[in-house]
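Let me begin by handing over the structure; questions about it come next.
Chains here go by letter, A, B, C, D, E and F, matching the order in which they are written, and residues are numbered from 1 within each.
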Amino acid sequence: MEMVEYEDAGDAVRAVYDDIMATRGVGWINNFWKALAHHPPTLARTWAGLKEVMAPDGALDPLTKEMVYIAVSVAQGCDYCIASHTAAARKAGMTDAQQGELMAVIGMAAETNRLAQGLRVPVDPAFEAR
Amino acid sequence: MEMVEYEDAGDAVRAVYDDIMATRGVGWINNFWKALAHHPPTLARTWAGLKEVMAPDGALDPLTKEMVYIAVSVAQGCDYCIASHTAAARKAGMTDAQQGELMAVIGMAAETNRLAQGLRVPVDPAFEAR
Amino acid sequence: MEMVEYEDAGDAVRAVYDDIMATRGVGWINNFWKALAHHPPTLARTWAGLKEVMAPDGALDPLTKEMVYIAVSVAQGCDYCIASHTAAARKAGMTDAQQGELMAVIGMAAETNRLAQGLRVPVDPAFEAR
Amino acid sequence: MEMVEYEDAGDAVRAVYDDIMATRGVGWINNFWKALAHHPPTLARTWAGLKEVMAPDGALDPLTKEMVYIAVSVAQGCDYCIASHTAAARKAGMTDAQQGELMAVIGMAAETNRLAQGLRVPVDPAFEAR
Amino acid sequence: MEMVEYEDAGDAVRAVYDDIMATRGVGWINNFWKALAHHPPTLARTWAGLKEVMAPDGALDPLTKEMVYIAVSVAQGCDYCIASHTAAARKAGMTDAQQGELMAVIGMAAETNRLAQGLRVPVDPAFEAR
Amino acid sequence: MEMVEYEDAGDAVRAVYDDIMATRGVGWINNFWKALAHHPPTLARTWAGLKEVMAPDGALDPLTKEMVYIAVSVAQGCDYCIASHTAAARKAGMTDAQQGELMAVIGMAAETNRLAQGLRVPVDPAFEAR
């Protein structure tokens, strides 16, 4: 799919691109948004959602959010998302040691997930209590 | 699958059960381990791995690790693991607001993963640089 | 894996290739079938199944079927299948606006799937009634 | 997780619940929203997104959207979502024959996805052209 | 979904049910087929495919096929399929030790899959050679 | 991610590399381990686990284990793992006919998984008995 470049974009798309660059303090748009721009309502809705969810003033700090994002992306097999959010996590301060542990936790979770599913382990009553 | 209870377990399994309870400071064993105990080498190896990966003195704090664990478990659809690690995250201090944001990030990641995959978005060169 | 070209194929494989081209009204075979052709029984069975399921005279129209095919392929992360069935959907008349909405629905479903799983939402009795 | 019932909900949650019921012309709220209501921003954002994406006046008709939703939910293994969107598709007019074909297409896509991935089939240049 | 019982089934469905029971040497039909029977073409096609693929005289022995079936079912999170194919594998002679190792391999594969994906490991040229 | 080559590795990493080469009787290290080597504890733990699980003297023969490994890798969509374990299975003696049947079983399982999930088929009591 051809990417929608800023100079070829209509006003609605440019407004989103401008907000992305302003919010992130960068001067370029990554391919994800340029691909979404073929359907401006999806571009606008997705950016608004992402901006709200990843806002820096929440109950979780930005690095934790990026690591959770990576975990989902790995478990769902999205190569683009792994690449982009690993870059974002690095920018948010993820160290080599943190990345190593992140991967270790993701791998361990993947393994125990499959063991629990394969053995059809019933949920303990203590975990149901809420 | 019948759970292997402590009183029915052999020495190798009891040793793991004892270490689980001592490490966690609890007096019971959850079903995951009781199901794994049918194959003692897998029980021992899995527990040793989990203990190492989830150790409290790493580069990531225990709550962050539990949230990453939840993220993978949701993305892989393991109901048992979601229940058990949500309980663990609660025990590690996860607040309602943090859980709400965690779910929001997981959901947003799941959505953008599928958009990026569905549109076959090429990885930006800037994200490849490492 | 080397692709099995028509000129190198045995009679059983050629018969399938001929039927694929005749059914689709095209003069070439795409790589999926050329890879399957290493195991002729799987080639024959898979093509017969696909031909039956995707037949144009069913209760669902061909474009709807292609969009469902894309949805599954995105959710399972099959890049080849996304590419080939997006091409097929285009050929069946999918417009830019329809593709945009298709992706929006896929993304929204992916997000709400993970929210429902992560929160372990019980099925409402009204949805069980059948 | 306890469901947030209307009578226990705050104003922000009630406003969403009211809009859900008005939009759908029903007098009750299903569990998905009652679970999300523990985090009002996620409830509001998710409902606004769903309402926009599933709006009846788009390029795709409502039944097609529900069938795409089901396809993703099956491929991602979300039991709640399969149940709720199958009910919605029925309400939107899905016949037995259509449901049968929908499942056939989903199954066939799932099978060919794995064959293409397992054989590492390269994308044909014809499918790359866009 | 209501199960289609033998006494309520039409001739086409009964013919499949009869063949299932004869092929397997059993006197009952499991729920999977009774659910598929709502769409007789899918029932017939799926059973014919399964019968061919799982035939006992192939290059792989029946127990190996059942274990591969379990592996896929665990990795895709299909609880019904895990239960039914674990029963089938038991019937085909799977021992406790074999089941224990099967689960260990599935878990290890799940873990290393995610590590390789998460680190975006490039395929070695030696593995490309075919 | 840059691969950690033997000549650039520290003692802990070299010890693992040496053991991998000795165990496998080969003179090179594949990229998976070179990527993991950025976090030596994960490298050491993962190799120790893999070596134990894939040991040749278990209840399952090495080729069966490799085919199960492939099945999981296909179902989870790990391209690297499909490539590396297909090569390993070939080395362990997998014939063309066996690979063909393996793929056929994986595909059939993928299809019936989704049919069972999509129709929400309840587990037969006979499959619960253990």
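Heads up, the rule we're going with is that contacts are C-beta pairs under 8 Å (C-beta built on N, C-alpha and C of every residue); 3 or more make two chains touch, one makes a residue touch a chain.
All of these numbers come straight from a predicted model, not from anything done at the bench.
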Intersection of contact partners for chain D and chain E: A, B, C, F
Chain of greatest Cα-centre distance to chain C: B
Copy-to-copy rotation for chain B and chain D - C-alpha atoms, rounded to a multiple of 5°: 120
Remotest chain, chain A as reference, centres from CA atoms: E
Centre-to-centre distance between chain E and chain B (centres being mean Cα positions), rounded to whole Å: 27
Interchain centroid distance [CA atoms averaged], chain B/chain F, Å: 21
Numbers and ranges of chain F residues touching at least 2 other chains: 1, 41-42, 45-46, 49, 53, 72, 74-79, 83, 97, 100-101, 103-104, 106-108, 110-115, 117, 119-120
Chain contact graph, described as a line, ring, star, complete graph or other shape: complete
List of chain F residues in touch with chain A within their complex: 38-39, 41-42, 45-46, 72, 76-78
Residues of chain A touching chain F in the complex: 77, 96-97, 99-101, 103-104, 107, 114
Contact set on chain F toward chain D in their complex: 70, 74-75, 77, 79, 82-83, 103, 106-108, 110-115, 117-120
Of all residues in chain A, those that touch chain D in their complex: 1-2, 41, 45, 49, 52-53, 130
Parts of chain F lying in touch with chain E, wherever the complex brings them together: 1, 28, 30-32, 35-36, 42, 46, 49-50, 53-54, 58-60, 64-65, 67-69, 71-81, 83-87, 95, 97-98, 100-102, 104-106, 108-117, 119-124, 126-128
